[in-house]
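Which chain is which? They are A, B, C, D and E, in the order written, and residues in each are numbered from 1.
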Amino acid sequence: MIDFFLLFFLVISAIFAVTTRDILSSVIVLGSYSLVMAVLWTRFNSVDVAFTEAAVGAGITTFLLIAALSRTLRIEEEPEIRESVFPLFQRLKNLLPLFVVLATGAVLVYSTLDMPSFGDPKAPANLHVAPYYIEKSVPETGVVNFVTAILASYRGYDTLGEVTVIFTAGICVILLIRRRKR
Amino acid sequence: MMIELIQGKYVYWFYITLMMIGFYAMIAKGNLIKKIIGLNIFQTAVFLFYISIAVSEGSTAPIMLAESYGSLDAGTVTYTNPLPHVLILTAIVVGVSVTAVALALVIRIYKTYGTIDEDRIARLEQESP
Amino acid sequence: MKELIIIRVVARLMIPFIQLFALYVIAHGELGPGGGFQGGVILGASFILHVLAFGLEESRRRLSEKVTDLLNPAGLLLFAGIGLICLIGGGMYLEYDRLPVTANPILASQLGIYGIEIGVGITVAAIMVTLFFEMAHRHDD
Amino acid sequence: MMETLHSPLPLYAVTVSLLAALLIGFSGRKPNLREFWTVSAAVVKFLLILGMLLPVLQGKVIEYSLFSVVPGLEIRFKVDALGIFFGVTASFLWIITSFYSIGYVRALKEHAQTRYFICFAVALSATMGVAFSANMFTTFIFYEIITFCTFPLVAHKQTAEAFSGARRYLTYLLGTSIAFQLAALFLVYFTAGSLDFAAQGILAGTGSKTLLTVIFVLFIAGITKAAMMPFHSWLPAAMVAPTPVSALLHAVAVVKTGVFVVVRVVLHIFGVDLLAELGLGTALAYFASFTIIAASIIALRQDNLKALLAYSTVGQLSYIILGAALLTPAAIMGSVMHIVLHAAGKITLFFTAGAIYVAAHKTKVSELGGIGRKMPFTMIAFSVGALSMIGVPPLGGFISKWYLTLGAREAGQMPIVAVIVVSTILNACYFLPIIHAAFFKEPSPPGGHGEGHSHKAWPWEKTRYDEAPILMVCALCLTALVTLILFFAPSVFFDLAKMIAEG
Amino acid sequence: MSEHLPILVVLIPLFCALLIFLAGVFQKRAAWAIASLATFLAFAASVKLLALATAGGRISYRLGGWEPPWGIEYVVDYLSGYVLTIISFIAFMIAVFSRDYVKKQVGLDREVNFYAIYLLLITGLLGMIVTGDIFNLYVFLEIASLAGYALVAVGKKKGAIVASYNYLILGTIGAVFVLLGIGHLYMVTGTLNMADLRGLLPGLYHSKVVLTAFAFFVIGFGLKFALFPLHTWLLSAHSLAPSAVSSILAAAVLKVNVYALIRVMFTVYTPEFIYNVVPLAEIFFIIAPVAILAGSIMAIAQTNIKRMLAYSSIGQIGYITLGLALANETALTGSLIHILNHALMKGGLFLIAGCIIYQTDIYDISRLKGMGRKMPVTMAAFTICGLSMIGVPLTVGFISKWYLALGVLEAGRWYFIPLILVSSLLTAVYFWRVIEWAYFHKAASEEALPGRKIAEAPVLMLIPIGIIALFCLIFGTAAFIPEEFARRAAEFLLGGI
């Protein structure tokens, strides 16, 4: 039941974050969204991810967004009214995103019908590869935190990729906005 | 029947809802930072999906309990499937990286155009390409 | 001006603890929740706090651009390098058991994992700081 | 089955003028050296081809396989009777033309002469490529090369008019060849699994009747160089080119390539029997005869000399197609003979047109009154060519028309016979007036040069000639002579044609 | 050492990127040299790998020494070997080209980071090609994407940043869709290894989850390689980025994403699934022709040379998808060859545009009059690549059209033949226009060419162009070389593993 309320809160905050015109407050709300998400995930037994989400989603992302806001505009600009040549076409164009979103949503909902129900221990995802890690990771890697074991050893290469990604992001930002040395 | 359908699926439906909210913001909002906020919601929703794959009733967090350290096997306790957690750890990092780059671009755009509203930028582009 | 002083005092008190905690998180990754990434983020956050309290110039004096620029790739280099060393040990890439440091594969693998966690920590922390510095800095050119 | 020799001779025959093109490009600074390359290449090429002529006459076939692009698409050369026939014609006339063009471009001080000669050389090697190619793929490649490298020649003047003409030229030739001919290639390869030319064709008994018909139509529509109506209008448009270009390319190389490929397709892709069975031959024959009549009628109404010649070319080309389409040995002989005979005659006519332009700067038929007095040699040559076109013995043109008529009768196509007769009359109608005007009319007052229009002078009366440069005059007299000789001694071509007709 | 090649081919660029960045802190000259060296080594390694794969079949490399379903696996087979070679070759060419170009068009102060990111982009692309693990594919996809966004943004024109931003948003949507697809597959199979998935999926082909996953893969990768209705980002991104970047984006990034889709279609799912279970072919039969025609027609309408090239890319992608949809070996071979020759031609053409812009700042094709004399080598290369685009025989462009056409006939869908031919004609229109202007028109008065005398670009820019143009001809005449590899790959894809 708690999960339900948490999820509900998530939806509310998401909607607020998207709709409010004051971007700063929507950033703050986004931060709380991430925190609640983290709480939810602890309830889903994924402590590491929760930890990370709290640190990144609520922490770093918020920092970055605020930093960016401080250099741009805090208040969302009013959409300017441009009379278009084909008003009807324009209206359709405005509706297009909604259609796209609803279509995607419909497909996803459709797919849930065949999904193993939530929290089912017998779900294939929990049966095929995962058990191996739980049995073997300690004897094979000597690491008792399975997540770390997989992260660093079994799928260590993904982690290398992950670090490369954030490194790339770092250089990209430097390339994009580092002030030129004269 | 209906009940257990809902019980079994409601988390998925929530993640879909969240994802759609973010998605909409990404493609419909005119403000570039709003798009990025949408992007974060969008991605987090997908992470939620992954995490909810891993959940299984009556399991504990995927860290071997102290009592079973000695005997090098999992013992009787069932642990939550750790693999999706790993994937999402990676995905979160990717998410923040993308956000960072996007924000850097937005800062540049604001410096160049003095606005972060799509339509205004488009107009400025038309006026002086 | 007063509250700024308060903030600075508090910050000066807190930052060492935060950083200590960060290191703990990095090291503790094998036993409990946490690991290089989370630790790195917290470490980065501690510097960000420093910036918030003392301002960019001051923190830049503490942690110059050159240093972060060197640390950015350093961690990744450590990570990828450990992988290569495994090749020398006759293993596959990132096969820590073959690290030519000890005969005991478990120990080797644990060492390897520590190594890469540290690598991850360094790069993540450095990048986080870089990102924040670059974003927060007013570019008046 | 006739025996095959393997020898790189065809390759050399093709590449010699490519080589020349390079040398010409390098010696662009020194005109004499440059022209030397052109001429020597022409001569060497001709000799090489003569070298291949003998074995072919003994019923051998020379093959040379260069390489295969991918399995099934091979660049291969094969010299058979038809190929050598075309090869000899084109290469011989190139020799004459090179002299002629040298005279022409120097007399008019044309710009970009080096580019002009390079393109000329490349066009010739591509023509040889078409003549000697052993499969449709090779043919297609060289066909396209001709199109591309003649574009600069047509656009040579680089005036707006020249460009629009050239662009139409390119649009028609490239457009149709990609849109239709390439499609035909796809279909042929898909149905027959090969593109090689074979004595009895390769499509017999492969695809359905409709499919084969479609392929045939695509081919005919795709080989626009044959200037069949309604795809003829590029040819008059291409008359913006300098006259030697029109002469060689639009009397010999380009257009003859067109009809040559048509004949190839008819004989060696489809094969006489298959076409007869499909009844497509007759259809094509009537199509061609429509072109013949229509073109001649249009020609009647032309005042620009080159345009007139262009339309007469359109008509004459369709004779060749007509002959091939009738599918009877005699008709095929006629059509093949017409390749060389029309070439000789028409090139003479173009040469004279060029000569008139160079010497008297006249392009209109109506201005040619009395020109025969100033340029007797030119105009005599002109008359020879014209009469040969009409088909008056003792001139080459007669032979081919004779065989065509025979063929038509063999095929029991009386209407076709009628067509030939009518078109002959029409030809006469648009050529004879010019000849008459040239010799027996007063020069038109404004255009006339000085004396001669005071009292009625007879052609044998002494007047000052002002002919074109000697090189040109020699060239055109030579070709005129050729048309004459071909009537009395057609033996070589005759034998070849017989071989082709009997397959 | 050669058993470690699969991983080394990815690590070389990675380490060199780090090296460049480290070295860059102190001295900046080395960057270009390191980048070229790295890409060259990667190319050499790929060639060796291709040879090994051709000789010995599928090469598998177990990262961390863990067995496939549990650890990550690298796979080099006919397909990945083939694509690997193409991409690393183009990357090498462009790296060489960049030396002078980047100095002028990007700026010295950004040179170091430019090359570092360039190498990271290559790392990502090569990683995507060789990986046999579907989540690993996603990770490297993101590396490549991030690098790509940043590279677009360094364009001189101010619109470049906006283009990059839109590219980022749509690209991320694509990537997240792929992530969703992976999640769905994992949910019902519990594995991430491609080969393992292939084994587990057939039972589930009619599960809604698997179908949805496939849809998301197609849309996700489609967004990344500008599948027709999803192509909007491509135009500005490719036309406003620096030409060297446009070149790598068009030649490598698009291709690798196409490859990723092919990989998923044929080796995670099976031909049986994509042709019989889902209506993918039917959809592509509608999309591809529209893309081909729209791309060519819009290209004709352009006056900016880079926009013209960008539009033509959309059409060319259409060809590739058409080949995928036809479901027979010949057509698939055509598609794969087209991947090669579009990489060559479009890569080359963008570099050529780069040369012209570098020397003259001319974007407007109507101002290229008389350029044939001023920049003979450049325009010669342009002509060759252009003819190859049109599909003139003896250029590599003809070969792929040939196979596509035969494939079309084999599939009994003759009505695509006119499509292919018409689009060739349209292509001819917009390339011939430029060629004619460049060669047969007198240069417009000097106002068209402000101030200085126009000459050839620096030799280091000409060499790559020359080589690429040369390859357009070599692979057009000795086409049996690419045809051999492409056909093997096609057989392997349709025949399964």
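By our rule, a residue touches a chain if its C-beta (ideal position, glycine included) is under 8 Å from a C-beta of that chain, and two chains touch if they have at least 3 such contacts.
In this text, all values refer to a predicted model and were calculated from it rather than measured experimentally.
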{"item": "Topological distance between subunit A and subunit B, in contact steps", "value": "1"}
{"item": "Centrality ranking, top chain (CA atoms only)", "value": "E"}
{"item": "Which of B-E and C-E has more C-beta pairs touching across its chains", "value": "B-E"}
{"item": "Chain whose Cα centroid lies at the greatest distance from that of subunit D", "value": "C"}
{"item": "CA centroid of subunit A to CA centroid of subunit D, Å", "value": "74"}
{"item": "Subunit A and subunit E: spacing of chain centres that average the CA atoms, whole Å", "value": "29"}
{"item": "Mean-CA-position distance for subunit E and subunit D (Å)", "value": "46"}
{"item": "Rounded Å distance between subunit A and subunit C, as computed from the means of their C-alpha atoms", "value": "23"}
{"item": "Touching two or more other chains - residue numbers and ranges from subunit D", "value": "none"}
{"item": "Sites on subunit A at which at least two other chains make contact", "value": "47-48, 52, 56, 60, 64, 67-68, 71, 108, 113, 115, 123, 125-126, 129-130, 133, 139, 144-145, 147, 149, 151, 153, 155-159, 161-174, 176-177, 180"}
{"item": "Subunit C, residues touching no fewer than two other chains", "value": "31-33, 37, 69, 72-73, 76, 80, 83, 93-94, 96, 124, 131, 134-135, 139"}
{"item": "Contact pairs between chains, per stated definition", "value": "A-B, A-C, A-E, B-C, B-E, C-E, D-E"}
{"item": "Residues on subunit E engaged by subunit B in the complex (per definition of touch)", "value": "135, 139, 142, 146, 149-150, 153, 157-159, 161-162, 164-165, 168-169, 172-173, 176, 179-180, 183, 186-187, 192"}
{"item": "Contact set on subunit E toward subunit D in their complex", "value": "392-394, 399, 402, 405-406, 409-410, 417-418, 421-422, 424-425, 428, 432, 436, 439-442, 476-480, 483"}
{"item": "Touching residues (chain side subunit B, partner subunit A) in the complex", "value": "4, 7-14, 16-25, 27-31, 33-34, 36-38, 40-41, 44, 47-48, 51-64, 69, 72-74, 78-90, 92-101, 103-108, 110, 115-117, 119-120, 123"}
{"item": "Residue ranges of subunit E in contact with subunit C within the complex", "value": "4, 7, 11, 14-15, 18, 21-22, 25, 61-65"}
{"item": "Subunit E partner contacts - residues on subunit D that touch it in the complex", "value": "67-71, 73, 137, 140-141, 144, 152, 155, 158, 163, 167, 170, 174-175, 178-179, 182-183, 186-187, 189-190"}
